[in-house]
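Note that the chains are named A, B, C and D in the order they appear, and that numbering of residues resets to 1 at the start of each chain.
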């Protein structure tokens, strides 16, 4: 799950609903571990009893938001975005700015399915979704298809 | 937990016992996700009902050993060693070769406690342990102390 | 300088002209070190007597194109894109696909000036250029301004 | 060239002599770009008319010591050590502590020749040298042999 480090309340609500739906589907939530969309999604997943992974850019566990169960401490700066992307079976992208765009572009480049939730659907290859449950359903479906293909 | 990608049976048994003790202590096992010591430790943790994280060097989830619950796919090559080290609250080091040594040295450099289980105790700063349970107990104790210090 | 690993002849000609102009301005060409736009630009810079740096994604010097003077061997996969971006005082972006987009987005995110040469000008913050010499002039001008600002 | 970020005058003198010998041999000096042994070696290479590359751990060109000609800005923290190692055809290791040890170990792991100058010669596989010119001669000789082997 990728999106902005700071976000307005409606986007945070979307993210929390995505996190909840990920957990209900029995999937693990992987995110960047900081605030904004990352924290909102982790909160949703945690509330629904799911497991949350935060792949942090800095050198310390302490940067993780309180809803991260397992912090991956990379100290790689923005290069950690590549780890978030690669570790995801499918990427759900919420509204964001250039940081999020760099992750979406990288996922498309390396062939990881991207579902854009009210965002990024102008990019060729991004699967469009209008609601959190729909986004998660499409992401899991694409992830399975991608997994079935030999790589 | 770090150690060699290929290891003789006695070292694998040690690693499995470490994984088991990590899980019984309620801690998460972080390892490199491949074979040898990494697989043996993940098997032990899994058997004891623990959570296992494998931080992989390559570009695919498929490289993870079957006892990894969550694969972190870095595609960073050996630079992923820094992620294994940084993500650990304490490092338990089993016998290994230069790959393991580079991880032990990095942990000592950045101030992450290192417990050497029948190995690496000639390096200043490595805490010595003779048995798996002792290694885990010492690692958790050092991790707590390090966490209590302001960083 | 960033752009596609495979490109049609007109784009390669643009890239070679960019490389030439970079060298004539006394600047160092930093690129991804492989084929396509990267090779064309390095050839141009080399022909004009400039210094060329190739930041490679793989584990071997041997992947560098023949016009790379100094190969930086990262073995970081796509995470090396972040190193190409960060190492540039300004980024000249040629037409490309999602790999290039991820680099442009990352540069915009971290505040490195981006000049789009017949490309990427729909992204807010990208400086537009229609000719190679103009692109290099604008890139150097922006790099100086950015350097003058305290960071 | 690897060694400590802070070093006593005799080690700095050794490093400067190594840099000078690297430049005189027509080779490029790759180092970590910061102070101590890195700065002393870069100064030597610069004085002898050589080219110096500094692979920096942080996010800014400004951290480079004044004798670095080309700064590679990684923002990878200690993971940049892997880039220093991989980018070297051979590694000359001066006295250092655990940071240097992690680099020496990684080079030995991936098969890059290591020459220890008054240091690290207790590690199997490290080629011993007692004087800077000898270290550089051995490093170049080993690099050529390694290059001649198919990888």
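FYI, a residue touches a chain if its C-beta (ideal position, glycine included) is under 8 Å from a C-beta of that chain, and two chains touch if they have at least 3 such contacts.
Keep in mind it's a predicted model, so treat the numbers as computed, not measured.
Visitor: Which chain's mean C-alpha position is the greatest distance from chain D's?
Guide: A
Visitor: If I rank B-C and A-C by number of C-beta contact pairs, which comes first?
Guide: A-C
Visitor: Note whether the interface between chain A and chain D is symmetric in residue numbering, meaning over half of all numbers used appear on both sides, and answer same or different.
Guide: Mostly the same residues.
Visitor: When the centre of a chain is set as the mean of its C-alpha atoms, what distance in Å lies between chain A and chain C?
Guide: 29
Visitor: Distance between chain B and chain C based on Cα centroids, please, to the nearest Å.
Guide: Distance between chain centres: 39 Å.
Visitor: Among the residues of chain B, which are close enough to touch at least two other chains?
Guide: 59, 74-79, 82-83, 86, 110
Visitor: Which word fits how the chains touch one another: line, ring, star, complete or other?
Guide: complete
Visitor: If you look only at chain B, which of its residues touch chain C in the complex?
Guide: 59, 74-79
Visitor: Which part of chain C faces chain D closely enough to touch in the complex?
Guide: It is residues 28, 51, 53, 55, 59-62, 70-76, 82-83, 86-87, 89, 110, 151 of chain C that touch chain D.
Visitor: Within the complex, which stretch of chain D touches chain B?
Guide: Residues in contact with chain B: 76-79, 81-83, 86, 97-99, 101-103, 105-106, 108-110, 125.
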